[in-house]
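The following pair of complexes shares a single chain, chain A, combined with chain B in the former and chain C in the latter.
Take a look at the complex of A and B:
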């Protein structure tokens, strides 16, 4: 069962992104009101705003946490064409500021000439790196060579995607068999049909990112994209939020078969496609094990998706977004199943997956 | 005619038609102005001064006003304005300080009318009076404003701002006599045209220069100002003190601001540098522009709405030498592309969700037109051209939390905490882990552990004679061990009291796990012990359990079962004896190993009898039962399956527990991948101890070195306070043990706590105990120790 806890966010305009930190104890929100807020979970489970500050001179589209190994670090990106890296300073706070943590700007990345639409830190094993993408279709990858110095970021790669970019996602796999990979989604809504999801892979030989795949079937504007946490899988799972929710699997074709040096080839399958939101889907987010996908759409609902043992993805829950307790028998059924089913990924899904889908479809 | 246009505009259509179009100018534009009939536009710049006719499909050059043989500085225009009453009258401000008027009605090629050379520096702005035909105002870099009567040769009055340069001057639409002037020092002054001696009012509007201002066309006394501080502010001038009522944050300095006709709260801005776009803002939603024109490739220098009463056509000139007509429906709307929702999955299965309030509250209201977001908003705007969408949006933020008892990741944490990965025999580990899984109602996982136990430890279908033999011996000479196993089994079947006890034991064993317990010795112990165990007893029990409890898994169990039942009749596989556990070898090893677990001491003491039974068993094993190797591909596939299912915990746990038995089957890279994934997950849940245990137990070189890389311990001797260069625990300077426990006087290895005041300390447990009774230092130094 889910319990909705409504939080008075007190942002002056739309909230565009919410992000949990690595340990799930902190949360950051960003808004069009040009500010970012950091929320900490108290012992009682309440979320308290511990910092709120103006970060940009335009709408802040995304906020994201770095791995805690690098400190308490946030990155934000904005309509004002910049991305910024922030670090929390503790100690040396006077009485007035006690309780309010103090965030300082470590760097501003000003390379983009248009709105920076997404920013993501690379998986930890790659070091302190981050990727940004911008509305003019350029993905930029920055690296802080010295992890102790967050003010020094060098632009390592510039990937031109040709299409206006709206979202990026790093492949989180820590396997040495998987080269660094980044998926880019485009919200370009011009009528020309072209793949709106592109996947770029780092090539050790050329030391460049090269396009590995395009998801040709995705032709509508993409609003969000997310690789599932890998957790030792040999393949990758990618969720795409477009006019519906789609889930793809990407199985690397064995390197020996492809010509060495070239980009990895993938066997791409679409394993699920749902238009239950009946509208644009804005966000997709994976749970920590990559077994449950949450999506939110213009219908104001969050829907949970999960695969049964046959790899059939089903809706296992619907959450109303207004923070009111979830009621209604159908959704309740789905939700209780969702929490139950997650205890045992393989056995119960077949049952609740199908029952839930009957109810919700 | 204007009346007509106005009416039709208000009805939704308009007399103005056209498309987004542009024409290339010969030179960068500095300013543009439009004729009152909305059919012509004048473009002025340092090297250009031309009039274009705005036609349906294109701009057509109508007149070049830069005539004459040698180019005069008088033609170098900083600003241009077209009279709104008289379509033949133009005025330009030259960079050399000259104000020029032009009469298009002149028959000659040179249309220049009058020349006022009164300003000493660049004239930044010229402005006609909105209703008075002959009144012209200019503002200059020299800090003066001048009012000209076009019927006279010289200025009629001069206004001194008493401060820095004048950037903009604008006649009020509301008050006949009032005009506003903005200054580089951030001030705005209001003047009465009749009183040149002193301004009526002055206020500081911006930090840094105020580049522009614009009176609201609808007679409201609203003044918009834009400055280098990237802000547009709207002032209500009706009150005694100018009151800031709106403030818009742009992303670059604001060079021009123009109220949008027919839209009370809209204004257009462009920037002086960096930003080439033109934004249209709804001042009530000051953070994000409602529309944006992105055509220009260089700084936009002039913007003007094509018609006084038409909100859809905007003309602009730019340093990129183009003149554009922008159509509102072609504008990009950042807010339409912006995500109205944020969603994030938390660690424990909680979901943070932020959504635009209108999406989550008025569910029923918006049902009739789902997906309307996909239509460009101008359709809506057409219906109501003056005021469109909701002025301010806000989001509702909520966190959906899983209830503490049903936390969807609770099983992971529990499992990680309770699994035993080493330190006991394989059979015990499997049993224990199966029990843990079962208690967390993860039946399939429990089943898997049980099967692993069957595959790898018990003789399986050992002939009964042999079995009796070993049992007889076991029960006679191994009472301790037997009871242990029994207890384990019983708790597995649900006896609560015993369960708790055994849990406690597991814990302590996990914690006390010493670095000296290497995996290899464990393995060997396990194997020998495994063949010692009264196997059929265990097996029988477990099978009974399965049948009763796990109907779900029945299929699964049966698919596996035939595979090891089958070999009874099958051709016995020839197999190198080396692969099977051979008793004597192991016993020797064991005798050498310094392991001190209770069970083991027992087994060791029984060597002579046991060796006999072991040999006999291993003999029968190879004949009657498939060797574990037979299953390894199956087990490998199973681990892969778990990993693909997202349960890397199972994969890694089995990998560690089985150790060498399965290690060869799975390539190093995959193992490493599993380990790193699992460790990452453990660290997310802050299970540091377990993550370290996993690192320590792993056999991957890349993983085991995780804890060694960039970890340096600097140790100082507690006696002489010098760095300990030696590897041991004896300081080579003062020849004493460096870190002895102040309570028990033994050397402390591992966790050492000490008081930072007197640097005495010792074992954590001992110090804790000591502090319960006394606050003084146990070393007797008299210090009142403090531990934080």
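Take a look at the complex of A and C:
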């Protein structure tokens, strides 16, 4: 891997989240300075900040993009106990010339009594829907029934998890064999040994979300959680960021024909557990094909995990800060160290027929 | 099978202090965002200055190289051609085809190497020059390995010719490396090996070859005696080698001339030439291992390239592929080589259950990397097409992420999806474009995309916008589009109404009043027109009612009156609301009164006309 570009963030305080849009041509950042910034990639590959505005009255923890089928829509959540939905308004041509765009608040979701720790849009096949979770232990699911009128959102479900929530993840599977499903992680620190990951599933009959599983083996605080994209598998893959990185498979157990209509039962297996960070793991996230998992830990590193064709998981890459002082100016030029074997000088050395140790012995 | 532990690659992010801070990140389709953060910050803490930069991190650097792009493009053509080779062809003809494919791949590598070499020489900046040179080395290594695999696995030469192939193999690469490094370093090129390797063509039988060598070495012997080479120490050493070797067949003597031999496989082949020219393939690894050991002499350990070549000499294809996967950061090499070997049915014969899965695994990796590039992704499509298990779903996931900056690109992507019946992707892409168009008030474009998406709901929405526009401005935009809807009009009722309403205007413009009138009426009576639009339609009827000639027949006039009554019956009289009468109410009331009057007059005229005998 290599650093292709660096962009001056220009936030006045700590950045908490960075988020690519669906196509990777726009990004959003949010910060303790209470603002969100949106950046656009030009044809030449340069990134420009096209909007920057105050979004909350507290630190903004997360920012996320809706699927572009719904237009240009962002959601943010904050310490100020609210989550908000924003829509880009196509401005006057003057603005376009100046390279600026406007974002307007469509709604504020004020139901939480504590800091809102995560906000995630549901998979697009469920319509325009999002979930929030809060330190008050409640997951709230909102829906905008009319995608052309984003000021109307209704609270459809409130799921009480009984433990302070830190993260949520929607199961992206659009298969008809899978009901809508959401995983919730808790960073509750109290000494009770309770499962810190819960899985809720939507029931068509009761029209409610009911708890399907708790991962009993995860008893340490959980900071992030992420379902992998489903490539037509019958089972689900879930990554958990806790005191280490863990990957679980959840295999639906075949329902009897006379099913009572309760939530699906799952066979849960742990397929990988990594403590390479040697510290708390704060984020986990899958790439778009679900073949690589990235994790970020207290060791200041981002690690990449991949399964080979034998289904064995290994760390294949590490991103680490080298702490060298930056002169503050951003470089939009590619930092090039182009090579077919960029991290393996050995190959080219051994080809030249001379390893240093041999020739100059 | 033993799991090889390649170490994870380490990438430094400048400016981020990993001792005190952490990093947040996000995946994009082709790259990652990374940024310094502090996960445990409490809300009330002081502002914390830190690394002010957001980083874009990429994996597949090679897709961005202009010269390597040719490699990707041309090898794509070879790959697709290979997939089409008839399954039925067996035996010699098939083998010949496969060897040809292998040679094609190698010539593409060589062409790329040559071009890069030229660029390296011409480079003004020495750092750039060195970078290009190192790329050349790697390409050369790839060709070296591929060539050996071709000889051992595809050509599968039996005992005699095997050595000849290996001789060619070493000669080609040793001379080449000398030549290349000489060019770059600008030093004299003794090309000391040229004479040594100056073999006649490969059509010799082994006996002929041996005779020739015998003669050559007698010559050497004579020259040495005469002191002909006294002035050229290199040639003199060479002669000594030959003489010693032929007389003693001694590996050790050869070893003493190590400086003449660039590496252990050069040594190996030389050895075989002198001592064991009829070496059989299964014996190769024995000599290879000892050559390696002798040459390294315990001073150093084998390097990646050595391991790869050794695995090849041991005919351990899977090991070759594994080692290559680790040593090379780009999947191009292992993906194409493995695919070719799979076509040679070599992966199956090793009797490992994941034989064909490995091919697919590597092709999926390679093709995924191509999708990070704004135009190379098109090559990736064909690779996915030839991955029977997961190719389709990978294509679905990747193709919907392609940014649709231009209409041309969008149409290209859609054609690819449509040809493969990827209906959900077609719908989604069209929806994204329709939405973008609506937000930018490009209603015609939005309507086209909605129709292509077969999205009735969105078509209705856009039609409503058109109608609203018409009411506000009195004219239609995008007339061409609406006039030529054709059967697409049926997608939604509102769209049908839009099309028919526009048709009404056209008929009126062509002065086909009777047809226009019938159409107008039918729009209301068939309930296709939304109620909210009826007032507009009735108002449109006014000019037709006020014409000199009678256009609406009596029956039709009755129906129009009925429509008007249906429309007004629900409305409360303004006065009854008790509030003040607004200007709008006034206008409405006036309109209704005018309509009633016009309808009544028309009715009268129609009755009279119909009661009168025509043309007497």
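Basically, the second predicted complex is superposed on the first by the 309 of 361 C-alpha atoms of A that agree within 3 Å, B and C clash if a C-alpha of one lies under 4 Å from a C-alpha of the other, contacts with A are read in each partner's own complex, and residues count from 1 in each chain.
The criterion applied here is as follows: a residue touches a chain if its C-beta (ideal position, glycine included) is under 8 Å from a C-beta of that chain, and two chains touch if they have at least 3 such contacts.
Everything numeric here is computed off the predicted structure, so don't read it as measured data.
By the touch criterion defined above, A:90 lies against chain C but remains apart from chain B after alignment on the C-alpha atoms of chain A.
Legend: residue contacts after superposition of the two complexes on their common chain; A:57 is shown touching chain B, with no touch to chain C. When both complexes are overlaid on chain A, the residue A:200 reaches neither chain B nor chain C. Of the two partner chains placed around the shared chain by superposition, chain B is the only one that A:234 touches, whereas chain C remains out of contact.
With both structures placed on the common chain, the touch criterion links A:287 to chain B and to chain C. In the superposed model, A:302 lies in contact with both chain B and chain C.
Of the two partner chains, neither chain B nor chain C is touched by A:274. By the document's definition of touching, neither partner reaches A:153: not chain B, not chain C. With both structures placed on the common chain, the touch criterion links A:166 to chain B but leaves chain C unconnected.
Overlap of the chain B and chain C contact sets on chain A: residues 1-9, 12-20, 22-24, 27, 29, 32-33, 47, 58-59, 79, 115, 124, 223, 229, 231-232, 280, 282-283, 285-289, 291, 294, 296-300, 302, 319-323, 338-340, 342-347. Chain C meets chain A in the complex at residues 1, 3, 5-6, 8-39, 41, 43, 47-48, 50-59, 61-62, 64-65, 68, 131, 134-135, 137-142, 144, 174, 177, 181, 262-263, 266, 296, 299-300, 303-306, 326-330, 354, 357-358, 361-362, 368, 390, 393-394, 397-398, 401-405, 428, 431-432, 435-436, 439-441, 461.
Across the interface of their complex, chain C is touched by residues 1-10, 12-20, 22-25, 27, 29, 32-33, 43, 47, 58-59, 68-72, 79, 88, 90, 115, 124, 148, 223, 229, 231-232, 280, 282-283, 285-289, 291, 294, 296-304, 308-310, 312, 314-326, 328, 330, 334, 336-355, 357-358, 361 of chain A.
Taken together, the chain B residues at the contact with chain A in this complex read 230, 249-251, 285, 287-288, 294, 334-335, 337-356, 359-361, 363, 370-371, 373-374, 392-403, 406, 408-409, 411-412, 440-444, 552-553, 640, 643-648, 651-652, 669-670, 672-674, 676-678, 680-681, 683-686. By the touch rule above, chain A contacts chain B in their complex via residues 1-9, 11-20, 22-24, 27, 29-34, 45, 47, 57-59, 61, 79-81, 114-115, 124-125, 166, 173-177, 187, 223-224, 229-235, 243, 278-280, 282-292, 294-300, 302, 319-323, 338-340, 342-347.
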